[in-house]
Structure formats: C-alpha cells, structure tokens
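Once you scroll down, you'll see the structures, which are given as structure tokens.
Two complexes, one shared chain (chain A), two partners (chain B, chain C).
On to the complex of A and B.
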C-alpha cells in the first residue's frame, strides 16, 4: 500500500460507520417504505458490515504505524480561521489511538452482530442500528482527532448517541427521563470541558495535542493551565461516571442491553481515561490535582462496589460495577500510571462487554426479566451463556491468568508503590477488589445456580448472540497476557513481557517504580489481591449470599433505588433551580418587566387610555395618533439639522 | 445589473402593494405570488453573493449612491459588504421558507392571506433595506418600515391578547426609534458642523471624532459620545432585545401568528444586533470600551435569565420565546467582547439563531395546527406517529443546544473564546447557558415527542406533509453545513469585521497566534 492511501486510512476508518448511519437512517427506511418496516437482518447486516470494514482498516492501520513515534496523519481542512481563532481538522493515528480504534471497532463489530438477534423482535430496527453506527463514528472521531476541539465533537457526539439510545424505547416516560438525565449530567461536565478548552486556547493559542505538548514542558508551572486541567478532570468525571457525577450511568441501563455493553461499559465511559492518557502532559502539571484524581477514583471504586451490592436488577449490578472499575482506572491515572489505566480500560472493555452481553442473553432467555430474585438455576438451560459469564466473572474478579488479574494487580501495585501512591489508596483498592468478588458471586448465585424459580425457564440464545460471547470470553480470558508484568517476565527469561506497556511507551507516560521503593514487591501484591478476591467470592457464596439492603431502613435509604446522591441532586440543585425560575416568573418578570411598558415614552394613564381605545377595535385611530406624533418629532429634527 | 440591490430591496414591497390591490377573484393566489416574488429576490441575492469578491479593493459591492435630500445630506445609498452579506442571505432564504412552512396555517380566509402576504413582503423590504443601507438616514427609514406592518399583523391576526401585545410592542420599539432618530440628527448635525456639508453616510460619520470623557464609570455616559451611544443603544437593545429591554418579547412572540413570530425572532431581532455591529461599536468605540463590563455582564445575565424562565414555561411558544432571549444574549456577548473572533462569531450566530429559531417557531406551528393548542400538558408521545417531525425537531434542538457539528456550536465557541479573553468570570456564567439550554430544550422535546400520549388524538395525528419536510430539510442542511465547514460562511465577513475590530480594539494585534508561545511563562 502506498503512502498516499495510508494517510487516508484514518479518514476511511472514521467515515465507514457514518456511511452505515446514512444507509440505515435514510436509504433503508425510504427503500422499505417507512422506518417501521425495516428488517433486522438487512439493517443489522449493513451496520455490522460497516463496523467490520472499519475494523479491518483499523487492523491495517495498526500494522502500518511504523516505528516508535510512527503515526498516520490525515490532513483535513481549515475548520475556522477568524480573528485570533484558527482551528484545522486533522486526524491522527498514533499508538494510543490505534489501540483505542481496535477496541472500538473490534468490540463494536461483535456487539453490532449480537444486536441483529437481540433486536430482532423490534419494530423499526433501522433507527437502532443507525444510532449505533453514529455512535461508533463519534467515538472514533474522539480518539482519532489530533486536537482537543474535534475530540470534543466526538465527546458530545457520543453523548448525543447515548441520549438517543437510552431513550430508544421512548414510549416509557422513565426511559426518556433517564436519557435526559444522562445528557444533562454529561453537559454539566462538558461545561468544564468548554471552559478548559477556552483557557487552553487563550493560554497556548492552539488546541492541537502535539503543539500543546511542545508548549507545555514538564517544568512549566502555570496556574491557569492547572486550572484548565481541573476543568478537564471535571469533564472526565461526567463522561466516565466518577464521583460525584456518576449518577447518570445506572439510569442509563434503560437502553437496550447491547447499548449498555458498547457505550456504557466498553467505549464511551472510558473517554475520560483516554483524555487523561492523551493529555498527561497537562495533568502532570498539577500533582495536587492528580492526588485528588486518585482519591476520587478510589472513592468511586468503593462506592460503586457497595452500590452494586444493593441492586436486584442484573443490569444495575453491572452498571455500578462499571462505575467501580472506572474508579480503578482513575485511581491508576491519579498516581501517574497512565499505561496501567489504559491496560485496565482494555481488559475491562473485554470482560464488561462480555458480562453485559451475557446479561442480555439471560434477559433475552427469560423473556425480558431483569430482576435476579426471580431467576435461578439458569446454568443448565443456557450453557454457553453460563460458561462465558463464568469466564467473564473470573476476569473481573481477577483470578490468576484471567485478564482482570493482570490489570487490576498492576493498579494496586501502582497505588502502593508509585510516588503519589499511599496505603490508603492501596487499601481502598483492595477493599473494592473484595467487593467485586462479593457482588459478582452474588450475581452468579442468584441467576445461574440454585433452584429455578416458577415462571422463568430460560432458553439458550441463538448462535448470533452466543458467538460474540465466545469471542469476548477468549479475549477476557487471555487478553491480560498482553500486560504480563516485567518483573515476573524476567523469571521466565522474557525481556519486555509487558507488551502493552512497550507498545504505549512512546506516546503515553508511565510512572516508574524504582526497585525497592515499594513497600512490597509486585508478586506479594498479586498474592494479596487474589486472596482478597477469593475471600470476596467465598463471602458472596456463603454468608453474603442473601445480602439485601432492603431489610435495613438506613441502608435502603442510602443505597437502594434513588440513593443518597440522587436525593442530594434533586433537593439541592434541581429543586432550587426550579424554585428560582418560578420566583423570577412570578415576581420580576410579571410585575417589574411588564410595568416598564407603562413607564416608557408615555405616561401609564395615557397608554391605558389607548389600550381601551384599541380594545374597542379602533386600530386606525391609535395608529394615526402615533404616526402624527412621529411626523411631529421628525419635522422638528429635520428643521434642527437643516438649520 | 448595476441596480440589482434596488431590485432586491424594493421588489418585495412592490409585490406587496400589488397584492393589496388584487381583485377579490385573485385573492386566493396572493400567497403564490408572494412566494414567487421572494424566490426571485432570493435568486437575485444569491447571484449577487456569488459575485462577491472577498479580496476586492472596494469593500462595497454593487454600490448605488444617489443624492436624495441634499439639504440634509441624505443619500439613497445601498451596498453589499462583508457584514450585511450573511444577513441578507438569511433574510432572502428564510422569507420564502417561512411562507412555505406556514402554508397550511394561514389557509381559510383569502383576504387574511392577502393582507398577511403583503405585509410580510413589506417587512422583507424593511429588513433588506436596513441591512443594505450605507446611509444612516436611509437605515433609519427602512428600520421604521418594519414597524407598521408588524403592528398591524399582530393586531389583526394575533392570539387572544393581541391588542395589548401589539401596543406594547409598538410602544417599546417606537420609543427606541425616537431616541435613535434624535441620535442620528445630532450626529449628522455634528458632521455638518465639522465639514461644512451634511453627509449621513456611514463612511463620513465613521471619520467623525466624537468627544468622550475618558474616565471610567458613569461620567462617560454624559459626554457627547456617551449620550449618542445611549440613544442608538436604546433602539438596538430593545429590538434585539438585551435584558432588561425585553418586556415586549414574550407576549409578542407568543401572540403573533406563526409566520410573524418567525419573522420577528429570526430576522427583525437581527436588525438590532446588526445595528450594534455596524453602527454602535465602530462609531462610538471609546464608549463601547467604557461600557463593556456592564454590557457583557448584562448579556451573560440575559443568557441565564432567559434560560431560567424558559425552563418553567408551560406553553411551547413562550418557552421558545424565552429561549430566543437567552440565545440573542449570546450574540450580544460576542459583540461586546469587541474582539474580531467574538464579533465574527456573533455575526455567524445571528445566522444560526435565525435558522434555529425559525425552525422552532415552525415546529410550534406544526404542533399547533395538529393539536389546536400549544400547552405542553396537551402533548406527549408523538414520536412513533410522526417520525419525520421528531427527526426534524431533533436536528433543530441540537443546533439550539449548540451541539458540536451544528451551526450553533461554531458561533457559541467563537463567542466564548473571545469573551474569555476579556473576562473569564463573565464567560463562566455565560457558559452555564450550555447546560440550562439543554434543560429546557430536552424538556420541550420530551414533553411533546416522548412518553405516552395523553389521549387518543395522537393516533390520528398526521406526519409532516411535503412542504413542511422541504422546509425542515433546507434548514437542516444549513445547520449541519455551517456546523461542519463554517469557514466558507464566515470568510466573506472576515476583512470587514477584523477592520472594525481594529477600530475598537487597536491593541488586539491580529493575528496574535504566532506571538502566543512566547507568552507562556516558564
């Protein structure tokens, strides 16, 4: 392949899903005589094909990146050039974008394929696949853009698609509410993004990553740039569902399950992690901020774990589990282990997509039932789903050789050994790992094991749904070997056993742990973490099996359903906002503003009189008098100028 | 074609007068005649636009200048320039679309159709003349041409409270006009005193040195320039409107018939913002600088205030009216930043807002026609029945909430960047409009399109007809087109606005970006 075609690769990777969106959004509905008459096989087939093509192109791009600093650059067009504002749209695939592109298109293809069967009973399925393709386009733009502004295009674009897909079944008011909540909470975060972007542009005069990096050196210490980093972190807490803005993610489960797998687990919610990895040079300017990031991550990991325990809806368990795992990633980011965060992003994409699709298969098999208390004994009825879910669970819990084992242990090791790490962060991480074991086991116990409940029999899903499960199960099982720890690699005589780290090293920074500076070696951390996780599993199987927060009024109030953060927002933000607005309408706007009309130009009596005249229908008279007045004034003014 | 601008400006009004004279038997054809006339005007304007040369030595294209009233220095003086080109195109394209989009809503009484068509055509002449005038008196005359038709249209064909509303609208705008007229007379008088022969053209007046008390604060207001600034500002702020000059707006937008609401919000409000860009800022630069903090704060306040009021409205059209207040305040924020990219962003935002608000009022017309009400409690669950309406509405919502990829984002981004360079705190307040705007727009969308329908009428609701789809598709193309490649839309105005910005902010070197890296302290 010659160079000219290579440089167009980023463009085609990006544009193929958009073509799929166009076909499903416009052409297919027109051709089949209305969107409700579209067929899942055709719509889904086109959408999946678009993603598959994009994936193949992404693989080609991956193989053609070239040396360490190699990148494929696509020169776009001058987006705007006006006054002091000048931005060009360029796409760029470097090693980090390449990895992200592979994850998005690869997992995207699997989930599109799965959806063909999952959505086969839906009317008007073209709308679903159009949104799904549009989402992938926006997500790819987010990772392919070479500057912050177009990253923001993707950032808000994925938010829009998330909104459209959460409200996919919009006849239910609660689904529409959930979608709006997701959009608005993300918008609050995006406010930070916009202000951060303004600050960066005003300070640096560019939004291109490479140019910004060149302008910001590690020794730079500018208060305003740190403030920009704070704003960006705020934006990331919205998109990546960190405390205190995580509240939208559990509600987002109102969307179809493949959406939860793709958007609310594997890709969109990791955009914040990507932003940090992409702009580590900015965030590293402020170690204080990064400490806050680490503690926010730890807190989110714990809170997500606790809330996951309080759920009875299988998708909500997974949603809070996602919140918790994203917390792990932010914990890694906070201590400066950017590569580790990306590593966990990748393994989490594998096993969480798997768990969600598995849950989707369970829900599908139980004819739409999502309450785990009404399930049980499904292992026999759904063998493929069961086995793949087991593998996914082993991965998320972090049992040895499964992918989560490598990435989570690395995070814990970094939380302890990195200069910004601490025992508190490490302890929080361990506790969260324990909770992971408990809620995962609780989920498995309630759904697959034990006695089957009356009315729910369950049946295995079609091969279209189980095939993606198998592929993802393989990735979730073996994907972790891409990040085999260096230290342990040496025992087997392998240099650079951590392939992912070696791959990312030229573009993403990673904090170094000097040998001996960590309170414990990595192997001890691993053993500790695995023991804790197994302890969690055992606890989840035995004495915490039937844990229910409903029995304690305090716990129920704090953690079940509309939990304490939701209550906080509705009573401390939403209610006052509406109260102020209503007061403004009732007082200022209706009294003060409408009376000004009576004060200006003419006395209020006069206008009242005119009012009565006009209300008797005599428009001409009042117009005539006004015109006469105008003529008089104009006459005087002309006289004045002329003389 | 040397008189092309005269044709563009006068053809609508001439057609309007012709329509008024139509015999009863031909009255039913009045709208067809009106649409044809507006399409001819649009074609002429598009031809003129494609002949527009950004690099021409003379920025005034198709310039027509004839003495009209020499004693007062008044000229019939029209020209297409970088600043008015986008607004002229907005006007000529939106007028036929407004007719087509509201086609079924004005059906019935053919006399009413005749009068409405004629009066709207006269308003088009007023708007185009205001934008194209290069003489201050001529500007004023066209400015006033709007007033009477708007007054009559609301008074004759508005909602239940039309009489009170139209009088309030009239009094407000008229008060502003009188002050502007006084200002114009004073300005031309000064000009005549200085040079010996009166000349009301913009070019002559720009060269005038108007004394200003340089001290900050209220003292500046009572110098000559301060008072003149206030006189012109009154007219423009009322028309735009800037909070707190907006009391006429909610009831006017709500009570006016859809066609007139579209015209008022999309085009007439732009006359006010255009006046600020073309006259207020370049003619009174010191005053503009001196009042900048107050004006920017008011604009930011207006963004939040309009949005908060929009959130709690229970009527679709009133909510849209307040959303317009909020979005026009963004335009004002950009203008008062006095930076090139801010003023350019504001000009682009005038176009974007014109498109989006026209779309919103059209949607409101579509809903009202189908439901016979605009109270939100009467709506819900339309999306499955009217997928095309739901899709078109969504595109317009996205531009209104300034989603990247829509035109609305480009303008708001440029405005926020410029505003940030002046004052970060004001910008932060203004930027909250991003969130609040999403709150009320998604509320409106959800309460009409999503959820369960309130009663069974929904099953009989028809989706959009061909005309309505056509209008939304054209608006949608512009929304997305501007959002993705804004540069061609802003390029013609660039020189004019950068020159204007240099007048008012001489120290804001252009372009500054090469120099910026050195400013990063290490």
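On to the complex of A and C.
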C-alpha cells in the first residue's frame, strides 16, 4: 500500500480529529440551520468516526514501530521563519508516543461512541462533540510533538477544551465557576511550564526532545537545568492534579460524565506523567527534586484516598480516586520507575474510564441522580453496568489477575526497592492501596447493593452505552498481563514477560532493582498488597458502610465540601490578594493612576483637538505644510553640508 | 513579409517576454476596457469581465513563471525580478479587489463604466512603477497611475466632496510630482545618468560615497515625492480629505494598491540607489528618523479624535506609514537587520493590503446612498443586526491594531524586530507607544458596533453585494491564515 495517508501517518492521526471538529463546529451547524438543531446521531457519528479513523491509523503506526525501535517522523510546515527565529511543526511517533496515541484514540473512540447515547437528550449536541474532537486533537498534538513548544500548544489546548467542556452546561453558575477554577489553577501550573521552557531554550538553544537529550548527559551539572526541571514539575502538578494544585479536579466533575472519563481520568490529567516520561533525562539531573516528586505523589495518593472516603457524590468519589491514582504514578516517577508510571497510566486509563462511564450509566439510569445515599440495589436493574463496574473495581483495588494488580504492585515494589525508594514511601503506598479498597467497596455497597431507595429505580442503558463498558471491562481485566512481572515470569519460563517494559525500553529508562537488593522480593510485596486491599474491601463492607461524615462537625469541615486546601487558598492567597488590591485601588489607583490616565487622556484629546485644526481642508494650508516639509528636508541637508 | 520585419521588436526577446507579460496583459486590458465600456447596454459588466480576465492573466503569469534572476530590458528602463513580480501581483490583485467591491455600489451611485478602465490604467502605471530603474520612465509611470487616480477620486459625482477631493489631490499631487521631477533632474545634472545603477556608480566613482550638496539635495527632493505618495508627515496633508471625499471603494483602492505600489517602488530605489554609499550619510538617517517619529505620533494622536470612519482609516494609514518607514530605516542602516528589513517590508505590505481591502469591502456595504461618509454613530448595533459582517470588521480592526493571531501582529513584529536588530531602539519604542495609542483608533469602532445602541432611524442598512462579500470572506480567511502561517509570506523576495 502506498497511500499518501500512510506515509504521513503522524500528520493524519493528528489532523483527522481536527477535521471532525471542523465538521461538527462549522459545517453541521450551518447545514442544519443553527447549532441547537443538530442531531446527536449525526454529530456523534461523525465525531466517533473521526476518532475511529485516527485509532486505525494509530494501530498502523504501532505495528510499523514494532519491528525497529526508531520513530516515525513528519516534518510539517514552517510556522515562523524570520531572522534567526525559525519554528517548524515536527511530529514524531516513537514507542512512548505510540502507546499514548493508542490510549487517546482507542479510549477516545469508545467514549465518543458512548456519548452518542449519553448526550442524546441534549440540544445542540454538535457543540459537545466539536469540543470533544478538538480536545483529542490538542491531546494528540501534546503527545506527537517532537519539541516542547508544540507540546505546550497541546498542553494549553487541552486546558482550553477542559474549560469549555466542564462548563458545557454553562447556564448553571456553579458549572461556570468550576470551569473557571480549573482553568485558573491550570494556568498557575502553566506559568511554571513557560518559565521552564524559556530556561531550557536559553540554556540549550533548542526545544526538540532528541536534541535536548543529546545535549544533556547524566554528568551535566547545570543548576539552571535543575531549576527548569523544578518549573516543569510545578507545571505537572497543575495539570495532573497533584498536591497542592489538585483542588480543581473534584470541581471539574461539573462537566458531562464522558468528559470526566476522557479528560479527567484517562488522558489530560496524565499529561504530567507523560511529560516526566518524555523528559526523564532532564529530571534525572536532580535526584533531590525526584525525591520531592516521590513524596508529593505519596502524599497525594493518601490524601485523595482519604477525601474519597467522605464523598457522597458518586463522581466525586471517582475524582478523588483519580487524584489518588495519579499520586501513585508520581510516586513511581519520583523513584525513577518511569516505565512503571506509564504502565499504571495505561491500566488506570482502562479501569478509571470504565468506572466513570459506569457511573455515567448509573446516573443516566437514575435520571441524573448523583448522590449515592439515594441509590441502592441497582445491581438487579442494571446488570451490565453492575458487572462491568464490579470488574473495574476489582482492577482499581488490585485483585490478582486484574490490571491494577500488576501495575500497582510494581509501583509498591519500586517504591521499596528502587535506590530512591524507602519504607515511608512503601508504607504510604500500602495505606493508599488500603484506602482504595475501602472507598471502592463503599461506593459499590451504596450504589448497587442493599435495598432500593424510594424514587430511584434505575434502568439499564442502551447498547450504545453498554458496549464501551464491556470493551473497557475486558481491557481493565486483562490489560495488566502486558506488564507481567519479570520475577514471576521466570517461574513460568518466559524470558521477557514484561511486554510493556520491553516495548518502552528504547525510549524511556527505568531504574533496575538488582536482585536481592530489595528488602522484600516482589512476590512478598504482591501478597502483602493483595491482603491489604482485601482487608480494605472488608473494612469498606463492614465498618465504613454506613459511616457518615455529616455527623461529626470536625470531620465534615475537614473532608466534605469546602475542605482544607480550598480554605487554605482562600484565606492565605486569595484574601491577602484581595486585601492588597483593595488597598491599591483605594490609595494608588484612585489618587495617582486615575489622574495619570486622565492627564494622558486629556493630553491626547487636547492635542488631538488642536492638531485636528491643522487639517482644516484648506488647500493653501495644505500646500504650506507640504512646502514647510520640503524646506525642512532641504534646509537640514544644506545646513549639514555647509557646517 | 514576415511579422518581425514589419514590427522590428528585436529589443525584446526570449525570456524578456515572460518578464513583460504582466505589464503587457494589463496594458491590453486597459485599452480593451476603454473601448468596451462604451457599449451602450452592458458596458459596465463587459468592462468588469475584461478587467477580471486581464488581471487573472497578469497574476497567473507572475505565478507560473517565477524568476530568481533579473531580466533587464533596454538598459534598465524595465527590470523584472522577484520584487517587481511580487509587487505587480499585489497591485493587480488589489485593483481587481477594488473593482469587485465596486459591483453593486457603482450601479447605485451611478458611477460610469469607465471606472474599470481607470483602475486598469492605474494598475498599468503601478506595475511599470515597480519595474523600472530609469528615473524618467519612473516619473511617467507614476503620472500614469496618479492621473487615473485623480479622476477616480472625483468620479463619485453625487457627492460634492468628491470633486473637491479630486481637485485637491490633483493640485497637491502635481506639486509633489514637480518636486520629484526636480530632484530627478538635479540627480541627472550631478551624475549625468538617468539610470539608478548609473547614478549609484557615479556616486561611488566621483565622490567615493561622500556626497556634496547638489546630489544630496537631488536625493532629498526625490524622496519627498515618495514620502508624499506614501503619506508621511508633513506630506500627508492630502490623505484625510481625499480619502474622505472619494467613493468608498476608490478609497479602498488608494489605501491598498496605490500605497503598495509606492512602497514597492521606494523599496527598489532603496535597495538599488540608497543602500551602500548613500546610506552612510547621517543626514538622511536623521531626516527620515525625524519624519518617522512625527508620522507615528501625528497619525496616532489625531486619529484618536476622529468620528468619521474614512478619516479613522486615513489616520490609521498614516500610522502604518510610520511603521513602514521604520522598516526602511532598518534597511538603510545596513548591519544585521538590513537583510530581514526588505522581507519584513514586503510581508507587511501584503498583510496591510489584505486587511485594508477587507475593511473597505465592509465599509462599502454599510455606506449609505449618495453620501458615503459614515460616522461612528451609524455603526451602532451592527454587531446585532449583521453579526458576521461585524465579526469580519472586528478581525480586520484587530489585525490593524496588531493583535495575534492575525496578520497584523506578525507584520508589525517583523518590522519592529528588523528595526531593533539594526539598532533603532528608541525609534522602535516610539513606534510601540504609537501602536498603543493607535489601538484606541481601532477599538472605538468595535465599541460602537457591539456596545452602543442608538435610534433605529440613524442606523444604516447594509447592502448585500456579492463582490464585496467575496472580498470580505477572502480577506478574513487570509488575515487569519497569515497570522497562523506567517512563514509562508516572510521570504518572498
């Protein structure tokens, strides 16, 4: 096959969702006479088709990469070319971006498909699908770019689309507020990205990953590069919802549920993890920073788990659970286990997208009810949703053979055995795994088991919604075998059992644990983790089933609703800023700046009025001005030469 | 008897025909439209069709046969290179666009069909102007262009202001032409050559770059002619009155095509005559710097107070002249920025022409009958009544103000960075300040379009003309595209 599409694969993978965006954003609304008259089947069909085409192309790219460890390149157009500044859009698919592309387009296709039914009651659904396609374009740009600048465009693009989609139901003010909060918190992180990018450009003179990698060797010791790494980490904490910038993610649940599944679970929030994996050579320059990253991840994992316990909204539980799982990924990054982090990124994308879509199905079946306290006994009414959710829960808790088991145990093992690992990190990870079991069980119990509550009956969703659930359930169940641990692989006589690690090895490094250097062998870690998780499940079922955080005012203040980080931000940052700006308005602005503005305004108005008179339209005056100018020119010339 | 013995045109041969093709097409078009516009019934339509075909042929010839080397005919009377090709294409397309946006307007305002003929003749003059090294031929082509434009200005016979504007433009333009011709003759007297290359060689060989008074004054007078055409302070005096008096599409033609032609010719003169020995003369740099500063400040400060739309654009074009002059200064300064300066002037001219044509196509559609001197108040509520039109106008205005991601941002960025790398730090700061002040000029119409309300009776009802709509859509597309892909337009020379 010698089609043009196949020779420029990176370009077409990227551009097809953009075409979908254009069709849904411009063509369909024009054709159907206004965006409110667009049909979900047509708009959703086009959007899903765009993602499916992109997915097929991504699979082709994946198979091409299978043979060698090189990369598919695409040299795009020159964006700016002036003087010594030249910026070109270059795309590059190597093994890491290929994996990310598969996750984005594959899960993206499923979620687009699911949305056709989920959004079928909405008016003007073309807007939703246009945003969703645009998001996928931006996310693909983020992972396909071969340089930091276009990665940044993608980074900003996903932020914008996240903002647009969180506030999709913008008539409600709380949704618009949530979107604004997400956008602002992300912007704070983005400041770090810009600073880091500028520092890198000043230091290295390039932003291309391959060139930067060649310039940075482990022996380079440049303080400014470490500073750039710190800035980049700060950017990642914003986008990937790490402590202390995680506050936006729970609020982001105001958007439609498919959005939460795609953006706030599977793809966008993992951009920070991707950034670390892509630029591990930079981050490895400063082990101190990476230790901080590991502890931040551990803290986030614990915090997310604790806060998830207290939620009554089914989506909020999943949101804090995402925060917690992202914490696990950062824990892995921090100890240098980049491949493990990407592995958990992948399995998390499977099971968390599944859980969110399942939650969406529940909400859809209960006519928009999100409060778990009012649900119950839905297992009978929604069998497919129930079974798939059960599988997803098994995966997130980490029961054996389910995908989360492999990735989470690998993280725990790395947290203990890696050179930067420690008992504290390991303990925190174990505790977070315990909490995962508790909150998952609590969610299942309240939603599916027990007595049906009055008023909420629930009904199974249509096949359009259940089909993606089934596919994702299969992935969440069996996806973990891509990362079968080496140690156990040896028992079965398989040489390279960890397929994902072997796949990523040429592009992403991983710390090696020398056999025997770890305090515990991997199998012991696994057994420990599984027993802890099961203990958590039991705890969730028996002790915490009916615990209510509403009863104790202290607990309520800490965990529910306006929790302490929000309070901290508003009292320590927002309030002082308001205070300063009020002072400034009262003193500086009203006394000085207003007057300066007034003076300038009066000045330019005054002079404008006067100068205007010179343009009276009188031809003699015009000619006089012409001759005066001439006299000026010739006069200066004569004067200059004569003197 | 063969053709070549009847018409011995052996002074043009081979590849030279390719070079002369655009000029040839436009000349034929001008003559044909002159004859065809006399047709009793369909004169207007036929003349326009003829202009359309001729213009497309002329542009196609520059696109199909792009050449890197220079083709010289008759010792430099005609010179064809990338510069003349690019600027010829700009002028021809701008002329065509002006003709397109007149469709509909000309019937309502009863413009004569010779309108298209005059545009064609003016374009012939422009194409010749940017492709010559000979001062006499330059003067002839300048006059060819100017005479056609004088008549175009006063063609709008319903409006009393048009006749006045035409007369004013003619008198002032005549004076400027006289100054330019005087300068050319002094240069001839001092060096014995009418050819730019010859003059430059004489500068080198006779005075070794340090010019005495006579050729310096000659150069000064010659430049004043140019400064008049591009509208630099204090030679801008004609611009507000003439732009206001002329019919809206004619103003659009002048603000785009005439300005581009003058810029192109000045660029050629700068590259082939000024750069090198002459540019080391500090006098010229001082004079041009002073004129640049005055132009920037005057244009932006006076523009802020205008209440009539065509005057607003008139002052806006004066500010833009200031920016271009900054580019020319960078060109004269030599050094690092010089090689970027030429391409920055070219791309800026293209961006400028596109956004002004778009804005004037919008203005043409919203201009009231018989008196197309729109005020800001008449814009009120346009954002509600015609959202697409108001949106397009806003994009053009933002582009003129230099807001990314529109063409205007990169145009200004290129010019400023060229000036900075040539060392004109203070001038660039002045230009940046002027662009801040002039942002008010562009934001005010937007305020009126979207944020103010007035009585229905006061508002204009926009016409729906196909030609103007085409220009609006095309310009809108180009303005955004040039902002997104500026690299495609930055290395045309």
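Here is the rule we go by: the second predicted complex is superposed on the first by the 576 of 643 C-alpha atoms of A that agree within 3 Å, B and C clash if a C-alpha of one lies under 4 Å from a C-alpha of the other, contacts with A are read in each partner's own complex, and residues count from 1 in each chain.
Note that a contact is a pair of C-beta atoms (placed from the backbone, for glycine too) under 8 Å apart; a residue touches a chain by one contact, two chains touch by 3 or more.
As the structure is a prediction and not an experimental result, all values here were calculated from the model.
Looking at the shared chain after the overlay, A:486 reaches neither chain B nor chain C. Of the two partners chain B and chain C, more residues of chain A are touched by B.
Contacts of A:453 after superposition: neither chain B nor chain C is touched. When the two complexes are overlaid on their common chain A, residue A:374 makes contact with neither chain B nor chain C. Touching of chain A by both chain B and chain C, each in its own complex, is seen for residues 77-83, 86, 607, 611, 615, 619, 622-623, 626, 630, 633-634, 637-638, 640-642. In the complex of the two chains, the chain A residues touching chain B come out as 35, 77-86, 124, 149, 152-153, 156-157, 160, 167, 170-173, 175-177, 180, 183-184, 187-188, 190-191, 194-195, 198-199, 201-206, 215-217, 219-220, 222, 577-578, 580-582, 584-585, 589, 593-594, 596-597, 600-602, 607, 610-611, 614-615, 619, 622-623, 626, 630, 633-634, 637-638, 640-642. Chain A meets chain C in the complex at residues 77-83, 86, 604-605, 607-609, 611-612, 615, 617, 619, 621-623, 625-626, 628-630, 632-634, 636-638, 640-642. Within the complex, the chain B residues that touch chain A are 71-72, 144, 148, 151-152, 155-156, 163-164, 166-168, 170-172, 174-175, 178, 181-182, 185, 188-189, 192, 198, 244, 246-248, 250, 305, 308-309, 311-312, 339-345, 381, 383-384, 387, 398, 403-405, 410, 413-414, 416-418, 420-421, 424, 427-428, 431-432, 434-435, 438-439, 442-443, 446, 449-452, 485-487, 490, 494, 497-498, 501, 508, 510-513, 516-517, 519-522.
Looking at the complex, you find that chain C touches chain A at residues 168, 171-172, 175-176, 179, 212-213, 216-217, 220-221, 223-224, 227-228, 233-235, 237-238, 240-241, 282-283, 286-287, 298, 301-302, 304-305, 340, 343-344, 410, 413-414, 417-418, 421, 437, 485-488, 490-491.
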